[in-house]
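Chains here go by letter, A, B, C and D, matching the order in which they are written, and residues are numbered from 1 within each.
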Amino acid sequence: MGRGAQRRPPLRTVGELRVRYGDTDAMGVVYYANYLRYFEAARVEYLRRLGQDYRAIEASGIIMVVTQTACRYHLSARFDDLLTLGCRVTGMRRSSFRFEYDLRRAADDARIATGWTEHACLARETLRPVRLPAELARAIDAFEQGG
Amino acid sequence: MGRGAQRRPPLRTVGELRVRYGDTDAMGVVYYANYLRYFEAARVEYLRRLGQDYRAIEASGIIMVVTQTACRYHLSARFDDLLTLGCRVTGMRRSSFRFEYDLRRAADDARIATGWTEHACLARETLRPVRLPAELARAIDAFEQGG
Amino acid sequence: MGRGAQRRPPLRTVGELRVRYGDTDAMGVVYYANYLRYFEAARVEYLRRLGQDYRAIEASGIIMVVTQTACRYHLSARFDDLLTLGCRVTGMRRSSFRFEYDLRRAADDARIATGWTEHACLARETLRPVRLPAELARAIDAFEQGG
Amino acid sequence: MGRGAQRRPPLRTVGELRVRYGDTDAMGVVYYANYLRYFEAARVEYLRRLGQDYRAIEASGIIMVVTQTACRYHLSARFDDLLTLGCRVTGMRRSSFRFEYDLRRAADDARIATGWTEHACLARETLRPVRLPAELARAIDAFEQGG
């Protein structure tokens, strides 16, 4: 937790979601793969906060594929729990960047799951890496520094 | 449907699948929507038996969209149950047809879920109805009458 | 469709949901089984409007299992579409009842999918049919007639 | 990657699975969260090879919860691809262990996704850590060394 860590932008709450019955499994808690679906909800809401629309990015011919992910499970979420979606972007490079996530139970702010996804920007047609759209990079920078 | 109904082909077993943990919900049984995923597995295996490949059909520019579905739940399937996939095609018309399904527990042949899906053949580009591919219609006829 | 049908309560909007990327399939639209997940979201929100909590019902030892369902697909929903969840209860009997659904695209009120689920109330332990909890039945009646 | 790494058991193929249409997303490839569902299929098949039955373990009052996971996406799997499930257990400790996975396209052995899950053994009632069942630990040891 040196100086570098202190400069990382805080994770900001970008939205909420409700755990559905279909997200749970026979243990009575959310199935482990479904947290990655919640991460997706978080990053889409993050982009919306920026005034960016993932659909518009795709329509412009650029796709942002997930190249790696990791998730740590702290406490189990249950059916009908309301979760807050914490999110930030770190590690922006020429054609890749990372989202970090922090999912909490809204009722008591208990940490449920944390994790990250690494994304590469590719041209939809050629699947070759392309530069992060300039407007998106600027919007992320402004958002993260405005924290 | 009169006498025709008596001539409906039997549901034939076209494959098997294993219930995954992620398919269950907090009641300890398969979540109700997931039987529609199993129906999909059944119809893909049915087509494979016919020597038809759904991917090839799509590649030819035709999509088979589901326009209606219904499902009746008889007994709950549980994690790790092996299910047999019964399937047949009925009601072929110019640009639509119906799959019927019968999912059973392999261990004791107990009926788990039955249902059907109604499909329309559309041109991928225009989304206009198109005639069922002739080769597919012939293959289905031969398969159902060869029962 | 006699007079009885005319007295059916209208479908009321009980909530909204956003289509996630993970809900879509390779056709670029919501996978057909996922509409049943949306139906679940609708009925949970319906119960919340009534001041009923599905978790509390389950905690009291009663489960409401789906015995049948049907869905008709009108227009495809796409990633990031906002859908409105229309819902009502019809056909209340001693230990069963039916939810009806009408999912629409919020942007233009276009009908996306309609359907219903039939539910049986069972004792969690014995899986025997039990009477619909009186408070729930009263709350539904009041809500539907207050439309 | 010293001598220790050389002693890690190889990943053995424990089964196969077919990519379903419902596993894909609007990019035309398997949705990233669904590889975690495939990992689950791999570990269940791994245990079956050992003569262990995850259902029986749960019935004995022990649950194996996932505490962490990571996944690296190499190549996209597509609808109807047949995947081989490679799996091994590493890092067995008193009450935790790790599964590692290697999913490949059966047609050409191309690497699709690799990853791992970390599991803790808990008593179902108390959710306290418990020792890995001795028979399971022995079976894993024998299987991994018998490679």
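Remarks
In this text, a contact is a pair of C-beta atoms (placed from the backbone, for glycine too) under 8 Å apart; a residue touches a chain by one contact, two chains touch by 3 or more.
Just so you know, these numbers come straight off a predicted model, no measurement behind them.
The interface with the greater number of C-beta contacts, when A-B is set against B-C, is B-C.
Each chain's centre was taken as the mean of its CA atoms, and the one lying most distant from subunit C is D.
With centres defined as mean CA coordinates, subunit C is found 30 Å away from subunit A.
Measuring from the averaged C-alpha position of subunit A to that of subunit B gives a distance of 36 Å.
Separating the centre of subunit B from that of subunit C, both taken as means of CA atoms, is a distance of 25 Å. Multi-chain contact residues of subunit A, defined as those touching 2 or more other chains: 21-22, 33, 37, 40, 79.
Residues of subunit B touching subunit D in their complex: 18, 20-22, 37, 40-41, 44, 53-55, 78-80. Partner subunit D is touched in their complex by these residues of subunit A: 27, 32-34, 36-37, 40, 63, 65-73, 76, 117.
Subunit D contributes residues 21-22, 24-26, 28-29, 31, 33, 78-79 to its touches with subunit C in the complex.
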